[in-house]
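Both complexes below contain chain A, partnered by chain B and then by chain C.
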Partner chain A sequence: MMLKSKMPVRLNAAEETLIAQLRDAGDGAQAERLNVTGLPTRRVESYHYTDLKMLLKAVPPLVEAANSASAPALRVAGAYQLLIANGVPHPGTTAPAGVIVGTSDGAALSAHDDVLVRLNSALAKKSLSLTLEGSVDPIIQIDRRTEGAAAHSASSARIFVADNGSATILETYSGSSEAHVTNNASYIAVGRNATVTHITVDLSGDGVTHFATNEYVLAEGAKLRTLAIHAGSALARTQIFARFAGEGAHGDFGGLNLVGDGQHLDFTLDVNHGVPNTTSQEMFKQVGRGRSKGVFQGKIVVARDAQKTDAKMMMQGLMLSDQAEILSKPELEIYADDVVCGHGSTCGELDADSMFYLMSRGISKPEAETMLVRGFLEEVLDPIEDDELNEALTAVIDDWLVGAKQR
Partner chain B sequence: MANPILEIRNLHARIEDREILKGVNLSIPAGELHAVMGRNGSGKSTLSYVLAGKDDYEITEGEVLLDGVDLLAMEPDERAAAGLFLAFQYPIEIPGVSTMTFLKAAMNAQRKSRGEGELSTPDFMRAVKEAGATLNIDASMLKRPLNVGFSGGEKKRAEVLQMALLAPKMCILDETDSGLDIDALQVVAKGVNGLRTAQRSMLVITHYQRLLNHIVPDVVHVFSDGRIVESGDKSLALQLEAKGYADFDSEPA
Partner chain C sequence: MYFYAAPKSTPAPTSLDEVDPELLAMYDKLGIPLKEREILAGVERPNVAVDAVMDSVSVVTTFREELAKVGIIFCSISEAIREHAELVQKYLGSVVPVTDNYYATLNSAVFTDGSFVYIPKGVRCPMELSTYFRINEKKTGQFERTLIIAEDDSYVSYLEGCTAPMRDESQLHAAVVELVALENAEIKYSTVQNWYPGDKDGKGGIYNFVTKRGDCRGDNSKISWTQVETGSAITWKYPSCILRGDNSRGEFYSIAISNGYQQVDSGTKMIHLGKNTSSRIIAKGIAAGFSDNTYRGQVSAHAKAKGARNFTQCDSLLIGDKCGAHTVPYIESRNATAVFEHEATTSKISDDQMFYCQQRGLDGEAAVALIVNGFVRDVLQHLPMEFMVESQKLIAISLEGSVG
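So, the complex of A and B:
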């Protein structure tokens, strides 16, 4: 055993490509590190259900500049759109009041002991940089696309919402229907007493491997609502790292995992209550159809002096086929003694009595199913107050419900 | 002579290994309202579920015709399209689906089965408003998720509203009086009576006579141990109320 553990890992094609790409990008240290550790397997706790070494079979060449463009995957009337194409930010047209757009060198995430974060930090050369001040009226949409032939791309955005400001930010991921590997990062700092809604929607094509890391830092009195939706890709993982850095802050973290046949979609959440008197609610819902795998890992950490933390985490899964797998791993790591923390996890099939009731009113079986699934997901979309945005997200769900039936 | 609207012949049904319906025979002509009375556990509710097509039950023998058409071969939604309606004893709560959305889906499903186009929103609203008026159903109730947090009375009124909107030829009312105080009962009964026509038949399932003071039946059947053991006019209900079910038990008590 001792001997075996010191042996270098046997590298697969994907790992070899990644190591070469890291070297080409001038990050010899990360290349060497990956050479020694390899991609995480299920033995790495945070990748327990998403064994990257096994699932990531191949990595395409590093992306080149986009020379063609598909249509935006999602349009919300009145939104201010910013494009990141093949990893390159395009600051674009005249910004609305209170919005300062630019680019900055390097990636946006802080250091995390995570391979996807390390890859993004090594490969994203420029970040889209946004500063939002005051009450920003239009929805800010960051439209991230990977165009052209199959490519490995890294993109990054850094967003500061000034003290007392308010903003709604929508990020969408899409592109040409090739077997891309995309690694997306967002760093969002929410200022004192600022209110932010941040929504990410993966609408990538069938063959795509989509990674996203959303990092949040909440200052005193900040209010953050996040919603991550997986509605595309073959393999997707959205990592959410949130840190409460100021007292009186509140975060609502939501997710919808719409998992169709052949897909493996993962939400991994790490919420860190680092100071006293902060609250959070986590609500993740997963629906699985066909032969599919949906993953939720949710970890809440309460630091030693973070007294009066109140955190409630919930995962609800709905399996629409016998071969749909829904996995859930909630974790609480509490070092303070005066806190209220809870988690729950439920999983089931569509309720037979509800189906019978709807059908007894003449509603067909597929339509009754759609109604019940929509009803199940309603709770997560309901808090999105902007009508145009709510409608656009509802349409994403409806498209999935219709499309998934044909899968 | 025209077909009876509902014709049940020698119907046997079981759940797992337990036989619950043991040879039910019942014929309801157009325009008649029949009551089935029986003690709890006699199989009355099973009869209503079997007719509506709940798949927990296995039909082992017999047949059921709705206006001459084989009912048992149909899925629950097809039975509804064919004109059957079951008002549930315990209407199911469905979170996340507004009552309005549900009603519209049900009405459009029915129109689709008749080859008609979807109802426009104004036409739909008008239909709901008209049907809801006598049932004291207001707009706020319709915006709430289906049956969620509804009082007993609201649930039953919502069932009768659905019945009015779907205009079935055969209505089955399962223990419609359960969970209702006398005021709510009168509103529901008025709603049901308003839907009685010369073409529409009804089957009212109850174990109390009091509902039949408000919804007066043409024929009363006594149900015991999975079959109908006695039939008569409405005085049979009063007789049951006075003497209890013991006289009608198939085996000596």
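So, the complex of A and C:
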């Protein structure tokens, strides 16, 4: 049936810049593809609430190597720090026991039918490459920053956690306060019976467009905990692609969307239970202030043979202003029958009874509000066992609450 | 393909014996009471007002005089266009605009008939109004149009049933239903859809692409959709409520059963525009055989929809390991005081439940029918009595051959 005729896409300035940059990077095929399709609009299902064609007004020139880098945006005592500055990985010199650091040519992500993945794969020249063996004690911090004048940068990291290993990886994104467009990628393979915690925190400046794609592959018996925090940028989108490749694996996926005035922050999650006997839990929280947009799209896919899958997804949204929007699309796509899957999604404002309870005890209105919001948000941090890390992340929330990041 | 085919004009049958046996077999399968069957076949005067639409042409509308006494207009839309032009002009296309979507446009261009209901101010419709849709001709599409207007302080309950005989070719059903509820009015719209779903290899069957939308235009108005979807090869159907009036309320209760190679993609849209509007969605999907069953729904609160409230529950049941159940809700809150809750679960009939039933002497199929009927009970109880009994039977028939 003929529904639509193929109309040529009218390209905007951002798309034209991207096409030119892809050509310069020697990827004519991707340039041609973008030339035909353009950036995704809301008609592309996975970009339903984040219309890139509309939101991405301009793309700055491709990044040049950084001359100097300032201190990391988030400090965690005792962490082993690695730097990716302006897309270039700087492997440290003295790696702790069990950590092998290097770089590899090309990008890290597997092929996905997604424009951000394709752009990263075409533009990231080198990946930071990490192999973690045994029980790695210090927190591995990958500090990604974009320094200097406004630039479009692509960075990539590839992390292998060996069988039976354990590690905690923290990634932070920051840089100079220019209107950068950053496209970050992490590929993490969790080995058999390995335990991994992976945390990403976006602390980019007000004008930044931040994209991140975190890809996870879980082998047999692997245990993965992830937490993504959006606490910066004007426009941010973190894509989480998780694939269960071995039986008995478990994943906990968490996210915190701290959306202030003028921001549009998006979490898009695709958890693929491809094999039997795997479990996952997703817990995302959003809080919106001012005129803002918080987006959560979460999809759980259970393949035909993936019997005994147990997956539970939850999204909770809290709106603190009349102009805040919270948009949520939790999806289930299930092809196996012997499964227990569910999702929940709620949103609303602060509970009037709780406010009354606190205020009747002499706590001022703003203070009571802050207390309740903090309680709502910090629940997501509870499973983070490392005290130093937990404290650093709590500070991120508190900063946002007291207004250091408030806009 | 013909856009529509008028039924051949044969003299009205005087008894059931003169009616097409295929037609009767279909009613029989549906469990329609004998009396109602006679009515449908045009034999005798009914006690439920019925408008039968076959191949897009309204063939019989009954009980009109009794309804006219209280000022209710219930007739085919072609008649309404002739006799009540001012009402049709005012409301037709005001809920589903001509350009709404591909199939609505197609319907608007080619629709030939359908049902028209007008409930005047302050009138509570004394009986259930009902329409039967049927596609008889080969290679035709059915494009009927339904328009229901409930004036201030009125109430109407409307039932709709759909059937079609078996055909090898696929046929298209692209209907448009528009409901308008003014101040304090309530419309209850129930559907039992049992179009031919295609044979066991997925050959033939109806493509059921229907646009149904209700507009709660007045304050304190209410529109309630209840549907039992068992037929059709492919269903795309999203009965929606636009909650425009303050304190208006929308409800959606759905049972969607898919077996064989059926594909059901159904759900609702609750668009909260007015203050203190509330909506409730209960959707139960049951997938068996090689079918795919999707709930796709949208709940949105406009910036001005202060105090909007929604509760959504979607449960899916999988029978067999070759089918799929999917849930795709869109939850869009643009007002801080809006409170939305959504939950969805997917599971299968547990072995314990089956064992319990079978141990008490039920065979596999009866046990599944019993458990499924329990699973959908929340929705069934919102159906009018006549439909409830039919629906329970229909559920059992639809799941025939799914166990084993």
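Points worth noting:
Following the convention adopted for this analysis, the second predicted complex is superposed on the first by the 399 of 407 C-alpha atoms of A that agree within 3 Å, B and C clash if a C-alpha of one lies under 4 Å from a C-alpha of the other, contacts with A are read in each partner's own complex, and residues count from 1 in each chain.
Keep in mind that, in the parts below, contacts are C-beta pairs under 8 Å (C-beta built on N, C-alpha and C of every residue); 3 or more make two chains touch, one makes a residue touch a chain.
Bear in mind that the values here come from a model prediction, so they are computed numbers and not experimental data.
With chain A as the common reference, chain B sits beside chain C without any clash.
Once the two complexes are overlaid on the shared chain, A:Asp353 sits against chain B while remaining clear of chain C.
Touched residues of chain A were counted for both chain B and chain C, and C has more of them. Shared-chain residue A:Tyr335: touches chain C; no touch with chain B. Judged by the touch definition given at the top, the superposed model places A:Gly317 against chain C, while chain B stays out of reach. In the superposed model, A:Ile326 makes contact with chain C only, not with chain B. Superposition on chain A places chain B within reach of chain C only down to 15 Å, the least C-alpha distance between them. Common to the chain B-facing and chain C-facing surfaces of chain A is no residue whatsoever. Of all residues in chain C, those touching chain A in their complex are 102, 303, 316, 318-348. By the touch rule above, chain A contacts chain C in their complex via residues 3, 48, 304, 307, 317, 319-349.
Contact residues on chain A toward chain B in their complex (touch as defined above): 351-354, 356-365, 367-368, 371-372, 374-379. Partner chain A is touched in their complex by these residues of chain B: 52-55, 75-77, 79-81, 85-86, 88, 91-92, 94-97, 101-102, 105-106, 109-110, 113, 145, 162, 166.
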